[in-house]
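Consider the two complexes below, in which chain A is the common component and chain B and chain C are the respective partners.
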Partner chain A sequence: MNGYYLSQENVKDFISHLMKKKTVYAPHAKADHSFVFEEVVDADNVILDYVRTLNSIKKYFMPSREVMLRYNLDDNSYSIEDVEPVKGIFLGVHSYDMQAVLRLDHSFSHGNPEKNYLTRRLDNIFIGTSFTPDNFHFSSSVNIQPHKTEGFDLFMHKTDRGYVLEEVTKTGSDLMKGFDQLTKFHGEYPNSEHFKSHLYAPQEKLSKVFEESYDNPVWHEIAQKCVGCGTCNLACPTCYCFDVEDHVDLSLQSGSRERRLDSCMLRGFTEVAGGEVFRDRLADRIRHRVYRKFKYISDSAGEPWCVGCGRCTIYCTAGISIVDIVNRLVSDYDKKQIVQDSDMIAAWD
Partner chain B sequence: MIKTVNIKPENFKELYFPTLAEITEVQQFTEKEKWYKLSLLDGSNLGHYPGQFVEVSIFGAGEAPISITSAPNSYGSFELCIREVGMFTEMIHKMKAGDKLGIRGPFGQGFDVNELYGKDILIIGGGIGIVPLRSLINYILDHRQDYGRLIITYGARNSKDLLFPEELELWQSNPDVEFHQTVDYGDESWKGNVGVITTLIPPLDLDLKNTIACITGPPIMYKFVLLTLQSKGLQDDNIYMSLERRMKCGVGKCGHCQINHSYVCQDGPVYHYPDLKLIREAI
Partner chain C sequence: MKSKPRVAVFDFTGCEGCELNKLNFENHLLDILDHIDIVEWREAMDDQVAEYDIAFVEGSISTPDCVERIFDIRNRTKVLIALGACAVNGGMNAMKNKQSLDTVREIVYGEDKDLFPTLPALPLSSYVTVDYEVHGCPMTQKEFLQLLTSILAGKKPVKPDYAVCVECKLDENECVYGKGMICMGPITRAGCDALCPSFGQYCIGCRGLVPHPNKEAMINILIENGLSIDDAEKRMDLYNSNEKDVVLI
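Right after this comes the complex of A and B.
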C-alpha cells in the first residue's frame, strides 16, 4: 500500500475529487468550537482540523429517530419501511469514532443481525484523520491511538504542512485513482500524540477492577451530583439503546411505528406496566452505564465499549467525569490490593 | 481487536415485523384479567416452549411483552392472559373475538422441559405469575408419564383474583396433581387457606433430590420463596424462576431488560437459579 504527501493547498481538490465519486460527509463548523458531520456541498466548508464533533457518525447508521413500520388503522394493513445503504464517503473521521462504529457493528450483528443498522452500514468508505488530544480525550487509555487505522480505507496523518495520506485498504487505493497531485511518501507514518487525560489501568486490569467495584461507594457519591438527564447517553458514540413508540396521524387512519434513542440514565428506562422500576436508584443507573462501557459487553467482545472520546464528560450538565470515576475505582482497587498484600506479608512474618 | 461477526446481507434479519393474529375467543376471569385465544392469520403454528413470551402489538398503541399461557400444541392456536394495567392493556381489553393483533416471537428461554424430564415438579405461582406457569403445567399434563409428581402451589390476593377458575377445579380433582392454593386475604365465601404463598411450602413432603421448583410471581415474592425453599433444604440447583423486565424489542438490542450482562429477553425470562445468583441486580 502506498503513502502520499497531501499539502494543505491540495486538500480542497482532494475533497472535490471524492465528491465526484460518492456523497461525502465531513466535519463542518457549527459555532466557534462546535463541529458536526454534514453532507459536503462545498469543499471550502469542510474543516478537517477539529477537536471533536458534537455527535459521532453513529447518527448515519442509527438515526436518533427512524420509522420501522407504517400502518393503516382501517384495515390493519402494514408495511415495513425500506432501509437503504448510506453509500457515502466519511471524511475526516477520528479513530475513536471509527472504533465506535466497529463496536456498534458488533452489537447489531451478534445474536440477531439487525437489518436496519447493518443495511445502512453497507458500501461506505471511511477516511480517517489524526487528531491532537485536548484535555478530555483519553482514547489512548482504551487502546485507540490518534493514528489507529483499523476500520479506515484511507488515513490522513496530520503533519506540519498538511497530511500524509496512507492507503489502508484496496478500496482506499481505488479511491485515489484519477487524483494525481501527489508525491509519494516513503518512511514511517506518524504514530504518537500526547494525551493529557488517562485511565490509570489497561483493559486487562480494568476488567479485574470492575469485578471488585460493584459495591464501591463512588456510585452513591456521583449520584449526589448527577441529575439523571441522559445527556451522556445521547453524546456517547457507542450507546444504542432504543425505545419504540407508535404515532397516529391526525387523520386517525394511519400511523407509524418509530424507534428513537433511549437512555439508561432515565428512571423510566426499566419501568414496567404496573409501575415497578427495576433500577430505581440513580446510583444503580450510573453504575449500569459505566459497567456497560467497561465490563458487561467488554468481557465477551474483548475491548472496552468506551472509546475515550470525552463527550460524556464535556457535555455532562453536572460536570461529572467518567475518567475520574474509573480512576477512583482503580485507586480504590489498588489500595485494597496493598492492604491484602500487607496482610499476607504480616501473616508470613 | 473486537470480535466481529461477518454477516452477508441475505442473512440480515427483519426483527421488528409483526405477524397478524386473530382473537378467536375471549373470557373475563376477574375485574382486571382477561383470557384470549388467538390464531396466526398466516396459518402457521407459534411453536413456543412453556415460559416464553410474545411481543403483542396494536397499531397506534405500541408493543408489549406478554407471556404465553397455553401449552405448546400442534393445532395452531395459542392463549394469552392479560391484566389491564395501563393504556396498552386497556386497549386490548376492549378487543373482541374477530379483532386482530400483531404478534412477534415467541422469544426468550422458557422452562427446559428436557431438563425437567423424570423429575417431581413443584410449581410456585404468585398472582399473575400462574399465567406462564399454566403453559408448563398443561405441558406436563399432556406428557404426564414423562414426569414425576406435579405439585402446584398458587397464591392470589383474594378469592376474586384467582385465574383460570375452571382449570383450578380440574387440577384440584385430578388425582395426578397435588394442588394447593391460598389467598392473602380471606372472606366469607372463601373456605380454603389464608396466607401468603410461602405458607403452602413448609407442609409439603418433598423428595428433595428429585424435585425441581419452577417459580413465577411478582418481584417481591422471590426473596421470600427462595428463603422458604432453602430452609426446606432444596438445593439452588433445583430451582428455576422467571423474571419480569421491560422486554421492549425481544431480540437483545434495545437494552431495556438488561440486568448486569444479561438480556432477560435472550437469556431469560426463565433462569436457572445458580446462574441468576451471579447477576447482582436480578432479585
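Right after this comes the complex of A and C.
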C-alpha cells in the first residue's frame, strides 16, 4: 500500500494547512475528562488521541435545537429559516461516528427526504483517525473496525510516532497538496485493535434472536433499574427523532417554531392528542429502543443501526449496558434452541 | 383598544423569591406591561381590587388562614397560575409533612405553639383548580415569560415533561456523576436548561420530579454513588415530599 507518513511533530502544521482550506472541526477537551467536536481556532487545542466525544458529529447536520420557521400573527405569514451546507473538514472522526453519519444519510434520504439535514450534509470532507477501544466500545461486533475507511476522504492510522495517511478519495488526496512535511509510506496499513466488549452474535443471527425476544423478561427487569431519562437516545449517534414546539415572542405578534432532539425512552414521546400514551410502560420503551437498533430498521437496511460507540452505556447513570441486554437475549435464544433440539431428539427416541 | 388582562400576584408559605424574581425582569418589565395591567401585588404596590383575570400565586398552603385565602382568590380570578416549587408541589415546606404537626409547631414556636395553627404543606392544587404551573425554586424568567406569552396569545403553553438529563445532553454537558457528584437530574423535571450542571454543579431537584418517575431506580443510583439509604431518601424528599406519582414498569 502507498500512503504517507505524518510524524507527531508535524500534526499541528497539518491541521494549520487544513485550516487554510476550510473551517476545520475536530475534538477538543471539555470540562474535567471529556471531549467534544468544536471548530478549530488554534491547532494546539486539537486532541486527535481521544476516547470518544460526548456527542457525535451528528450535531453539525442535525443540531440538537433549531428554529424551523418564524411566524407572524399579524398577517398569518411565515418564513422558513435558511439552512446552509456546513462545508467543513471534519478531522479526527472515529469510524463508528462516520458509520453513524452514513446511517443517518440513509434515514434522512429515504421516504420523505429531510431537507435541513441533507443540505447541511453537502460539501463536507471527513478525515478519520483510528482509536484504541476502551471497555465500552464494541463496534467490531457490528462490523466497524477502528480502521474502517468507508465514508472518509482521508484516514489517519495511528502509529507509535505519528500517523499513516491513507488516501481514500480524490478529495482526500487533494487535501495533502501543498503540504510538504509528509514522507512516502510503503507497507500494510495498521488494521487491528483489541476490543474488550463484544456482542455474542452477528447481525444475521441477531435478526433471528430479536424475532424471539419480544416477550423476554429482560425488558421488565431492566425497567426496574432504568429512570427513563432519555440519555441513551440523546447520546446515540444514529438516533434522530425530534419534537416540535411553538414559541411566542414577547411582542405577541410573532414567534418561532423550533425542533429539538427527542427520545423514545421518554413517556411524552408516545403521548398523542387526547392524552393517550401508547408505550406507557417503561419496559415497552426500553424494548422499543433496542429493537430500533437491531431489528426494525436493520431488517430493511440490512445493517445494525447501532454502531458500537458505547455512549448509551457509559453515560447511563443507572449502569444499564446495551451489550449486556443483547447478550442476554442471545443466550436466552441459544438456551431455547437447545431445549427445542433436545425435545426433537426425545421425540425421535 | 382591547382592554388588557388584569393581573394580580399573591403569596402563601414560601420565601417570596419567585415574586421577587419577577421584579428582576428589568429588560422585559415594560414589554410585559404593554400586555397586562398589574392590579394587585403586595410586594410591589398598595392597591387591592375585587376581581382579576389572571392570578399568579406563590407559596404552599400550610395554615387554615391560607385555605380561606386561596378559595377567595380562586373565586375572584378567571385563571390561576401556581408560581414556583412551593405552589406547584409544596416544595421544601413539605418536608415538614414527614413529622407530626405538633412537633414542627413546637420546634418553630416553642411554648407559643398553640397560637399558631398549622396544616401539612400542600400545593395549591390540593385545594383549588390550578390552570397552569411554573416549576422551579425559584421559577425561571424564561419559563414565566413563555407561559405568559402563550396564554396571552391563546396558545397552549409548552411544559417539559422530561428530565434535566435531556437538557444536559442537548447542551453537550459532561455528566457531573463522572466528577463524583450526586445529581438529581435523571429524575428532575427539565425547563431550566440544565442551569446547575451547565456550570459544573449538580442538580438538587428544585423543579420537582418528572411525571411518572421511577423513584426506586433513582434511589438505587444515589446509593450506588455512595449515599446511605437514609440520605438517598432525604435527597429525594428535599423538594418532593408530596410527589406520589410513580412509573408504570
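Just so it is clear, the second predicted complex is superposed on the first by the 346 of 349 C-alpha atoms of A that agree within 3 Å, B and C clash if a C-alpha of one lies under 4 Å from a C-alpha of the other, contacts with A are read in each partner's own complex, and residues count from 1 in each chain.
Note that a contact is a pair of C-beta atoms (placed from the backbone, for glycine too) under 8 Å apart; a residue touches a chain by one contact, two chains touch by 3 or more.
Worth saying up front: this structure is predicted, and the values here are computed from it rather than measured.
Legend: residue contacts after superposition of the two complexes on their common chain; A:295 is shown touching chain B, with no touch to chain C. In the superposition on chain A, contact of A:278 is made with chain B only, not with chain C.
By the touch criterion defined above, A:230 lies against chain C but remains apart from chain B after alignment on the C-alpha atoms of chain A.
More residues of chain A lie in contact with B than with the other chain of the pair chain B and chain C. Residue contacts after overlaying the shared chain place A:73 against chain B and chain C alike.
In the superposed model, A:190 makes contact with neither chain B nor chain C.
Looking at the shared chain after the overlay, A:162 reaches neither chain B nor chain C. Looking at the shared chain after the overlay, A:248 reaches both chain B and chain C. Of the two partner chains placed by the overlay, only chain C lies in contact with A:317; chain B stays clear of it. Common to the chain B and chain C contact sets on chain A are residues 73, 245-246, 248, 255, 271. For chain B in complex with chain A, the touching residues are 1-7, 9, 11-18, 20, 57, 59-64, 83, 85-86, 88-89, 100, 102, 219, 244-246, 248-249, 251-256, 258-261, 266, 280-281. Residue ranges on chain A touching chain C, taken from their complex, read 30-34, 36, 54-55, 59, 64-65, 73, 220, 223-231, 234-235, 245-252, 255, 260-261, 263, 266-268, 271, 280-283, 315, 317-319.
Against chain A, in their complex, chain C makes its touches with residues 28, 31-32, 35, 145-146, 149-150, 152-153, 155, 158, 161-163, 165-166, 169-175, 177-179, 183, 185-187, 200, 210-214, 216-218, 220-221, 224, 247-249. If you check the complex, the residues on chain A that touch chain B are 68-69, 71, 73, 76, 78, 80, 99, 102-103, 105-116, 118-119, 122, 150, 214, 240-246, 248, 255, 257, 259, 262, 264, 269-274, 276, 278-279, 284, 288, 291-292, 295-297, 299-303.
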